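Same chain, two partners: chain A is paired with chain B first, then with chain C.
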Partner chain A sequence: MPFTLETMEEIASLHGEPAWLRKRRRSSFDAFERLPAPSRIDEEWRRTDVSGFDPGQYSKLEHLDGQKLVLPSTLPPGVILKPLRQAAQDHPDLVEPRLFSLVHADRDRFTALHAAFFTGGTFLYVPDGVVIEQPVIGQHFSHEGGTSVLPHTLIVAGKGARFNYLDEYIAEDGNEIGYRSGSTEIFAGEGSQVGYVAVQKWGRNAWHFADQRAELQKDASLRLFNVTLGARFSKTRVEATLQGQGADAELKAIYFASGEQFFDFHTLQDHQVGNTRSDLLFKGALQDVARTVYAGLIRIEKGAARSDAYQANRNLVLSDHAKATSIPMLEIDNNDVRCTHGATVGPVDPLSMFYLRSRGIPEATAKRMIVQGFFGDVLDRIPFEHARALVEAELEARLG
Partner chain B sequence: MADFEIRNLRASVEGKEILKGVTLGINKGEVHAVMGPNGSGKSTLSHTLMGHPGYTVDGGTVLFKGQNVLELETDERARLGMFLALQYPVVVPGISMTNFLRTALNAKRGYDGKDKSKQVTPKEFRSLLKGELEVLHMDDSFLPRYINDGFSGGEKKRAEILQMAILKPEIAILDETDSGLDIDSIKFVADAVNRMRGPDLGVLIITHYTRILEFIKPDFVHVLVDGRFVLSGGPEVADRLEKTGYSEWAEADEPAVLKPEEVA
Partner chain C sequence: MATVPKVDVGTDYKEKYGFFVPEDYVFKAKRGLNPEIVKEISWMKKEPEWMTKMRLRSLEIFRKKPMPKWGADLSVIDFENIFYYLKASDKQSTSWEDLPPDIKKTYDRLGVPEAERKFLAGVSAQYESEVVYHSLQKELTAKGVIFTDTDSALRDHPELFKEYFGTVIPPADNKFSALNTAVWSGGSFIYVPKGVRVDVPLQAYFRINAENMGQFERTLIICDEGSFVHYIEGCTAPIYSTDSLHSAVVEIIVKKNARCRYTTIQNWSTNVFNLVTKRAMAYADATMEWVDGNLGSQITMKYPSVYLMEPGAKGDVLSVAFAGKGQHQDAGGKMIHVAPNTTSTITSKSISKAGGRTSYRGHIKIYPGATNSKSFVKCDALLLDDESRSDTYPYNDVDAENVTLGHEATVSKVSDEQLFYLMSRGITRSEAETMIVNGFIEPFTKELPLEYAVELNRLIQLEMEGSVG
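Right after this comes the complex of A and B.
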């Protein structure tokens, strides 16, 4: 099953997808065929080498809805939670205008491929004024190596809706090779409060591409937390557009790269109107020969007076051969704003190590404590307890 | 031979020779004070004994429990029974004092995450802490705080002594523990140290001023000038320094240096 038009049609007909979705897949496929592979001439891909990636090698699409939903024991009336493709059939009025409207299929060859062939994924719609107390959990599994797993999540929060959602990307084989994507679109309606956590744990030889993009209306608040642990190559975009006054986006992430892992993060805080706030903190630790690249942009548009934007990327480099690159960027078209950004890349403080070891704590334990401590303040920002416990345990296991 | 024996220790910092041959024997049950003017090598002595990465050993041995501790890693020295209360305790963000103390105590007991029988129980840990906190006039609100983060000077020094009380070393080096302390804090710290004094503990107090020695009475006092001992004796040496300071050595071009056997 190569990534061909025929395969695409087959996926679409398998579930009797509506015509509009078939058409959308079709135009995404055209974009995939039309767009060149990103090259190092493109600024965004200058440090990110995808020349070794041939999606055609992994064109066996795994279980066409490889996803498990962990439902809260009771869902309030009006809430829709179901596989995305089912929702496309049942609720075209909600899905059609939004699907791939934030994550554009023609942004690059990989977003196009994802949009043309996405399988699985979740649709969550929370109507105006509805609150879900327990978190909603979507688990996306890969069962074997050599395949493609391409889930897509679409979240719609009505006015004043309040809930938490977790996407967990799980490999059964920790060393799998393959093509993985996991993209998310979040529509945060007026005054809504959305917590979103994505935990990427694909196998250590996989290629991973993800676009997580949110749009916030007036007084909406989003707490987004990205955790990147898996894949040999991982490229993640985290983007928030602040469209209504009073909107508030908190974008946080942790990553831990070891062995030969390469992680690339691209973030955008787009303040389109004034009186908006964004707060971004990406923290990563690297060991062995791992490499990471962070590039983040704060964009304050002309009319966005009294915007408040903060962006920081902090890297703890645990080995002489690991390398972190950090590129913060500002694009400000209004003078009446408050903007702060900063980046740090550094090793474990030798004085801290000496101090812990002078109390009898062995080197490896001391180092682990310092890494955990480094992540501590940002872990506290994970928006709900279930995800916090999951991430802490995952981190502890990986720190050894 | 003394329980803890420093023999002809020489050490340098960034290529500059600081300790030029220090010999000193400390027995458990004894309190020794090393005094000296600024730049005499006091801090180099304490840091070198504990294996601080900024100091280079150029020669000599330090024998403790049949081992040359200079060949051991810092954490091995600590688990063998050495403790250094730092002049400038390090701030380590993200790690709580509780986690720090518990991990250190577990390490001391040989708990490596496997043999649960060696692990300190929460109950035991709590009761151990409670008693020591009282002696040091500390309340437990500082336990969830990050290591030394936002601590006042006095809190940092008291936290050092708390660690000592929890870890129960056999050789404790107190480096300028009195500097930056108000008189109350000095008394609390001294009380805590005096309570620990006994046949199982040898103490080396490193200090510029005699003040702390009014509260922790030393058995022996040694004067370090330019990386060597120039005077050694009982508590009366401190009394003499109280009156005359270090001027007699500061003025001498080549201060008379004690032979190793002349150090008490």
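Right after this comes the complex of A and C.
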């Protein structure tokens, strides 16, 4: 197992990481060694086969310095935006209590590995009342195959802060093999408004694991959007905890799986207090022999009266051999709520197809138009223009 | 399959004949579960050797299988402290006076006749419907229909029995089907020949004697090509049972063009763990309908399923669950699409009250090759107060082309608008709530025979008043 304690110490010392972070890496490493590999008896992994994945094969860590940050031309005073490891040294008071407090290192072997060896990643701190008009963009590149790229994003929004952030995971070689994980923790303070978009475009043979978790205080609003296009295997957890009254989380995603791609999504809308709202919509199209698994849970805690939660997963199956699994779950412990969920799996609607064909549109074009239309209503929910244009262009390119 | 009974004295002599018969020649029930008890059950029933062996093999499987980790908490079941087989004479020990007062009160309020009450409470074994049963039996026999208890079927129709028993739900299916196969007793056996339609719903009620309300019932229904039968088990009035574990297995085979409807109204007393495996195989153009109501018990785990084996098969589950104080109803349905052009629907309605918990748990699996299949699942939950809980766990796996699958669920409380409307018409709050709940489960009630529907409505009324359980 080349992901060793020595490698880990090396990463830490190379960059002069503070003692608390080293200690944390070490305990994550212990968890990694201790935790068993997920087995098919585990409900979460029943349909998700990781038996063919050996992270040890990709233990060379790429670009320890993190990523390219596309900074807005001017940053308001007080805003901290720097590589996460740099921030750990410079602002331990802000980073130490939060890092891996939402995404727990000991949740499973892969989160533990990520927490022990994470390299790149961004820290963004926006103080109370500060607004950043232009979006902040973190681009995570992988330059070569056979390596690991493990960036971690930590976002802290102060009271009433308002900004948009985009994480872009980009492979230079579209066919690269490797281990990728991109995890994100978001602390949305009272009354803050945070837009977060993650666009995953790793190479088609990569293994990708992502844990995104947000915590929303009173009246905070989060608009989180995922786009999953790359990797042979991609497992993404998207979780939001609504901790303060009036919190509002919108969790949306689109995915387009083709070839032999396998995508897994696990989501959680955790309403801990009342008068909170969450709205989830995951839409995906599947082609060729691709497979997708969606499993989501709305959890309404006992006291969370007058919560409003919505959860939907829609799958458009474009080929004969693609497979989609959809498991939308509810656990409702309070009666004064509004909760609805729905799931659909289906082919292209023959009526729509007939309509388009009867207008003289060739079948391939008609199919593309239907797919575009299918994604259309979610694309409108991408929180800011830059990301929207990017995602539209990506989809356009992939639909051909 | 022809059976040649093997007489091989010597090798398995001890296993077959080496049991100990008590001096007074009366079977004394013992608690606990071991090969001796299983052998004794089989011996008591004078079963053929293959059944004894199957029971013993199932016991092994039961031992090996772990307890399910999902669903309700079953850790409190003490398998060693249960009577696995009781003769009729052992069962009638309960007296009317010993019944819990709430059960007696419910009988009163429901207006259940005295004789029927005693029967339901397990106090008496006789029930007037025997007369009905005898005239019905004559009619059925004329048509070639077999309707009997499962023990007699094994004795009287061994070939038919052996051909189908354990084929839909093999012992190794799950821990509780293994337990049932090891210690089963009672239940119904129905065979409907080709093209025969049974117009009267067959009710377990009709042929019940004290032996019937077993803990480990085993029901087997075979609908031959083009036939139809409607079977009803249970009843709306609460059934008092001192046994804490009930684990039944129901197997149904619906052949080409046949239709079977199986209606259950489960209302065990609230000390009972009710863990049931129900499954049907539906062949070409056949229809299987489960109408399943769960009102009683402490914990119910039950997911009636239909395997759609050949093109054109159709499966339907209509399920209602009511969970009051201390109850957990973990119910739902499964539809396994194996063949193309198959369709299925699951409709689930659940109501939780006074801290009760209802869970819908379902699985739609569409295998490769089951093209042009359609499946639709709808779950509605009503939470009557903020102590109660409702969960939905639907698993949808689509592995075939051109399949349409939909799932929808809502969780809500009794709406203020509806309440306001009714109350503004001078109806009291509790009456209004009852009306709304009755309206909510109406899609279920209207599928029931009239007398059941009436009783169910009355029962919901009682539950809503909080006077029961």
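The rule is simple: the second predicted complex is superposed on the first by the 398 of 400 C-alpha atoms of A that agree within 3 Å, B and C clash if a C-alpha of one lies under 4 Å from a C-alpha of the other, contacts with A are read in each partner's own complex, and residues count from 1 in each chain.
FYI, a contact is a pair of C-beta atoms (placed from the backbone, for glycine too) under 8 Å apart; a residue touches a chain by one contact, two chains touch by 3 or more.
Note that this is a predicted model, so its numbers are computed, not measured.
Contacts of A:F354 after superposition on the shared chain: chain B is touched, whereas chain C is not. After overlaying the two complexes on the shared chain, residue contacts for A:D320 are found with chain C alone; chain B is out of touch. When the two complexes are superposed, the chain touching more residues of chain A, out of chain B and chain C, is C. Judged by the touch definition given at the top, the superposed model places A:E363 against chain B, while chain C stays out of reach.
In the superposition on chain A, A:L35 makes contact with neither chain B nor chain C. By the touch criterion stated above, A:V289 is placed in contact with neither chain B nor chain C. By the touch criterion defined above, A:L75 reaches neither chain B nor chain C. By the touch criterion defined above, A:N335 lies against chain C but remains apart from chain B after alignment on the C-alpha atoms of chain A. Contacts of A:D377 after superposition on the shared chain: chain B is touched, whereas chain C is not.
Remark: chain A residues 349-352, 354-363, 365-366, 369-370, 372-377 touch chain B in the complex.
By the touch criterion stated above, chain A contacts chain C in their complex at residues 43, 47, 302, 305, 315, 317, 319-321, 323-347.
Note for the complex: chain C touches chain A at residues 70, 352, 368, 371, 381, 383-386, 388-399, 401-413. The touching residues of chain B, when paired with chain A in their complex, are 50-53, 73-75, 77-79, 83-84, 86, 89-90, 92-95, 99-100, 103-104, 107-108, 112, 146-147, 163, 167.
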